[in-house]
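Note that the chains take the letters A, B, C and D in the order they are written out, and that residue 1 is the start of every chain.
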Amino acid sequence: MEAFLLQILNGLDKGSAYALIALGLTLIFGTLGVVNFAHGALFMLGAFVAVTMSRLLQLSHKASEPSGTDFLGNPRYEDVLYVQDIFGAELGQTLVDWAVPVSILVAIPVMLLIGFVMERGLIKHFYKRPHADQILVTFGLAIVIQEVIKYFYGANPIPTPAPDAFRGSFDFGVLLGFDPNTIIYPYWRLVYFFFAAIIIAAVFAFLQFTTFGMVVRAGMADRETVGLLGIDIDRRFTIMFGIAAAVAGLAGVMYTPINPPNYHMGMDFLVLSFVVVVVGGMGSLPGAVLAGFLLGILESFASTTWATTAVPGINQIIIYLVAIAVLLTRPRGLMGRRGVMEE
Amino acid sequence: MGILEVKNVGKRFGGLHALSDVNLSVAENSVHAIIGPNGAGKSTLLNCLVGKLIPDTGSVSFDGQSVLGRKPHEINQMGISRVFQTPEIFGDLTVLENMMIPCLARRDGAFALHGYRAMMRDREIVDRAEHMLEDMHMIDKRGMHAASMSRGDKRRLEIAMCLAQQPRLLLLDEPTAGMARADTNNTIELLKHIKDSRPITIAIIEHDMHVVFSLAERITVLAQGTPLVEDTPDNIKGHPKVREAYLGETEH
Amino acid sequence: MTRSHFTRRGVMKTGAATGAGLTLPTIFTGASRAQEQGFTNAPTGDTVTLGFNVPQTGPYADEGADELRAFELAVEHLNGEGDGGMLQTFSSKELDGSGIMGKRVEFVTGDTQTKSDAARAAAQSMIQKDGAVMISGGSSSGVAVAVQGLCQDAGVIFMSGLTHSNDTTGKDKKANGFRHFFNAYMSAAAMAPVLESLYGTDRKAYHLTADYTWGWTQQESIAAATEALGWETVENVLTPLAATDFSSYIAPVLNSGADVLVLNHYGGNMVNSLTNAVQFGLKQAQANGKDFQIVVPLYSELMARGAGENIAGIPGSQNWDWKLENERGSRYTGTNAFVQSFGQKYGFPPSQAAHTCYAQTLLYADAVTRAGSFNPCAVVEALEDFEFDGLGNGPTLYRAADHQCFKDVVVVRGKENPDNEFDLVEIVEVTPTEAVTYEPDHPMFAGGELGECNPGA
Amino acid sequence: MTDQTDYTPVAAQLPSRRAARDTILGLTRKDFGLLTVVIALTMLAPFLLNPFPSNSAMAQFNAGYPDLMQRFVIFGIFAIGFNILFGLTGYLSFGHAAFLGVGSYSCVWMFKLLGYNVLPGILLAIVVSGLFALLIGYISLRRSGIYFSILTLAFAQMSFALAYSVLSNPSFNLTNGETGLQVYTNDPQWLQGDGPRAPHIFGLAMRETETLSVGAWNFQFNAGYYLCAVVMIICFYLSVRLFRSPFGMMLRAVKSNQQRLNYTGVNARPYTLAAFVISGMYAGLAGGLLSAMDPLAGAERMQWTASGEVVLMTILGGAGTLIGPVLGAGFIKYFENIFSKINESTLHAWFAFLPDGLEDALVAIVYPFVGKGWHLTLGLLFMLVVIFLPGGLVQGGNKMATIFRRDRKGGGVEDDAAAQRQAGE
């Protein structure tokens, strides 16, 4: 029972990341009809916004007095943070500590801007091109983005811890009347889950309750008709691309304390998030969210020892097995619509 | 006993009765038109005939054999060819190649692995395809990219492709929809020519009464998923129920 | 741009000698002349080409970059430029800064991508196109075994870089291949006494193991070593190589009855699994009335940097550490000389990967000089059972039976308050050679044959 | 140069009766011309790929050494096969690397069990990958579009994960996991006898290389390369035949309008399945040849990145054209093997004739794009090609051809495929 609850918790968390990335991916599929292989790179860029932010906050200058010697025997000077110079020692330290949450504020405009530039500068010209061309150009772009990040930040993962207040973990077991230490869960992962839930709810609310969202949804259903109504759907789609980029970016920002980011983390998520989108059903937003959480939870269960003892290697193939099973029984994924991306 | 027998066919989509208790008999070598207002179930009926949809109840038989449960290509191989509302041709292929595919399908069946034979050296198929194009006055277009032709020519090509299979029953789904009057007349002439030049049964779904009364030998009127009446064109013209249910609406 | 000054100037000099500004006499296709001397890529002219095959793309690119720095430094020292580094401390005094046997050392580089296929392709190109007579480098065991096999077939020497699997000098050992780096068995043997003194003999261990060859040999080794202490292995869970999040593997640990978690992971896997373990509070937890502990058998500086403050207090083993001579005395002479010249050139201390690559290059050059020939068979003979000192690890033996180096193993622990990003670990103990030596026919290494040295051509 | 869409030449310009007789080896003159070009290029590759004297700075750009030449033609075979599926039917498989991997493993197993003669290994590679493709194709082809792509991806990723770990456990070691499957001295090798202890074909070792030195040039003629080259020419010839056959036409019809095809009495499924199996066998053959050239088969060959690579090769060269995939394969392999090897000192050597400051500046500019930055260059080139040459490299070639032959009307025929691809999808 405890193990069951534990893996559900783990699954929810993994699912949050899958769902957030898949949400943006399916939004782009559904609205623009573009297969965006650079979406993983957007997730990674988000994470590096957090890295950059935390580095900026930790910019420092050398103290005037030496305080020891370095490994070559030369005098060493302590670093003094600029933020502490500006905001005082205490507030400065807090800011450094809260670098990741602070990055969210920066990441939203940055990622929106990146999204706009990408759509206007590149993706726009590929709406009417075959999916194969879209794949090639966005894959090329993903490599370029990756390499640029690698050039500046190196290939090694960069630890980006959560604020002190959110380190450590929470003992659910005690809350539910189990023994201590049976169901523990890190605070930051809880934060991530709630954050993901809020973002998903916000995206749905935006599409559901604003006129802008209504037009976009109509455009997803039938682009030509909406175009005939004289509505400038292209501009709205640009904004949607920006929003999808921002969602991926925020998912990346918040992910940094969970696992240290590196330049190819986007590629790690790319294939999985495509599987999630397709299992959910091409162009279906609820489908993407549902499939994200479903696959996350199943993956967690497949990782338990009893699962791997029963079927060795099940943890490595579960997602693909589920994808095959779903696609063979439900031709358009869990919630897909007829005719989307079938040609 | 007609070549196509539809008995008690019913089809529901959710709570909607698209077809209920449809009976229809198409006599061999006749031209039979099915007319009816929008939403009368014409297209649903047609899709039941060619295997795209499977009716919930009833039976459909062609030349004494049931077509139910067969796939579209199997039904086609039985001798039923279908012309679509918007011309469905192989846009990426040349006109000649478009013509060769039905010829191959007729000779080699639903699947044949001729991966090593040079297509253009297959005289039998090329000759037949070219002959068919000559017959349709399209031989000068044979090297053209099919997608780049006019809509009228695409329609002509599609009909030619269907005929190349020498079907016993030709199903036409609003063949003149969206056409200018001149093109419509050409199509009527073409169909008349086809009808007169070979033994063939034609079933046609049509909105345009001009086409229907120029061609049809018998007409079935469909309304709200059931046949209202079936008779000769002259009788249909004067039929009060038809006027009320259908013609009255379309001609004001 | 100062760092490559020497190369450029050297090239200009030789360029002028051949009378063409654009000429680069590095690249000779030796194959045509090979028959003359009876082995692959016999160097002709006044240069010899070495091939440095390191990961330049993919997750280990930074480690590869550090290896490449060390190679460049070694070439510089062999050619008599810079301060000479460990040449001054090396017990063998054959190398005098005039290249190798009077031939100036040139090098070519390639990208292994940490994939066997790509690594072999890059090595092939160095051998077939550039006439490399020795290949070195690499940062994973799969690649090392793959390239070692290739070099055996092609008839060149392979001086492996970072490879830790038992198989490299076990069931996949090859006569033309040599490993300076330590291995999984040695890690385990070195860790055992330290683990005993740190955590006692009554412990229950939970293993998370990367699900591929290296992970298995590492787990097998450490489990055997700790069980010999009296520890109990509660569970061994295999994790997919491609896993990026380990929460579902970490979460059940605390409730399993174990009080030690052993992470048989390397690189990105280790960074993430350790980060996750700390997130789940394993470091602060109590189990079986003891403080819960985490052990990472194989450490590397770059992994430590990736895991950040999470590594504080966590023990692991290393082939070498740049503080060795300062903290453990002159037995480890050479360390400071190397750190000094590396630090002067690049501004930060070298990693163990850099150290092993530097040492391997020197060892090869020395063996050639002592043998008086570039012929791989002569080099093999010179290296087999070669005892040396002064390369930073103390007295070392290149054992003939399996071409594995035997030397002291460093056991380290993550620092609680590191001063900077290069000084993340502290040395806990140095386990002496005797404690980590094993018989060549030890079951964990059985199954392969060294075979005959192959001079190729 | 020509292409699969023979609209103008065969159907309209020539009287069709003449067209029928005017064939060589069953190919039209144009196709035969293309085949001749391919034969000439592959046979003379050791010269063509080695244009720079080996002691010049430009020698870095020479690609005429056995290993890379082998890779060019082997990946050419892989891409030709992939193009039969993707170029003709439009079904985008993201799992073709699985067949490459299966072929590689089969071949090495033949080495382990029978001996080092490459023939049984290559044949088994084709058979096993064909069967594997039949199984995966049968299931995956129940869906189309992106759903098909994801199904093939899922199968390939499962194959990779299993090969990397589960199938290499000590008790049942089918793949030898991370290390890669290789021949050990204690393997049975029942038919080995006293043949060469390396892959060979009836005694001729694959790594046998003759070097011809002409002045500063060294031209290497490698037995393995010529075996691969002959196999590739055969594969290319077969693919031309297939493109021009009724079967090829049906495949193009599948891509163009599957609905019409069904209503023309043709069952599309067996056609696509046959194309899938044939292209799987091409991939298996390529995998078998990889092992025959270098007897070690690693699991990474099955990873999605490897599947993605062949997709990129095909699109980059020009999907649906005959020669495009081969060009794309060569292009990517060239970058992977040549650009990744350029390091800082190489750059300094190139620019050594410049004044110091300028030299350093130039090196600083170029360095991020070569060596460890070769991925960046490749990514940029993907983007540039797809933006400016929608029909792939073949279209680029045709554009150049039209510039040189302005008197000829219109673009080369390969343009049609490109134009058609844009219009069609």
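Everything that follows uses one rule, which is that contacts are C-beta pairs under 8 Å (C-beta built on N, C-alpha and C of every residue); 3 or more make two chains touch, one makes a residue touch a chain.
These numbers were taken from a predicted model, which means no experiment stands behind them.
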item: For chain B and chain D, chains touching each; value: none
item: Most remote chain, CA-based centroid, reference being chain B; value: C
item: A-C or C-D, whichever has more C-beta pairs in contact; value: C-D
item: Innermost chain, taking as reference the mean of every protein Cα atom displayed; value: D
item: Separation of chain C from chain D, taking each centre as the mean of its C-alpha atoms, in whole Å; value: 35
item: Intercentroid distance (Cα basis), chain B paired with chain A, Å; value: 52
item: Gap in Å, rounded to a whole number, between the CA centres of chain C and chain B; value: 74
item: Interface hub residues of chain D, defined as touching at least two other chains; value: 161, 165-166, 375, 424
item: Numbers and ranges of chain A residues touching at least 2 other chains; value: 313, 316
item: Touching two or more other chains - residues of chain C; value: 61, 211, 238, 240, 242
item: Those chain pairs that satisfy the touch definition; value: A-C, A-D, B-D, C-D
item: Residues of chain D defined as touching chain B within the complex; value: 5-8, 10-13, 16, 19-20, 23, 26-28, 238, 241-242, 244-250, 252-253, 255-257, 259-268, 270-271, 274, 278, 420, 423-424
item: Touching residues on chain A, where the partner in the complex is chain D; value: 35, 122, 125, 128-133, 135-137, 139-144, 146-148, 151, 271, 274-275, 278, 282, 312-313, 316-317, 319-321, 323-324, 327-328, 331-333, 341-343
item: Chain D to chain A touching residues, read off their complex; value: 86, 92, 139, 142-147, 150-151, 153-155, 157-158, 161-162, 165-166, 169, 304, 308, 311-312, 315-316, 319, 368, 373, 375-376, 378-383, 385-387, 390, 421-422, 424-425
item: Residues of chain C defined as touching chain A within the complex; value: 58-62, 211, 235, 237-240, 242, 244-245, 247-249, 251-252, 254-255, 268, 271-272, 275-276, 279-281, 284-285, 287, 302, 305-310, 322-323, 339-340, 343-344, 349, 419-420, 422-423
item: Chain D-facing residues of chain B, complex; value: 50, 71-73, 76-77, 81-82, 84, 88-94, 96-97, 100-102, 104-106, 108-123, 125-126, 130, 142-145, 147, 161, 165
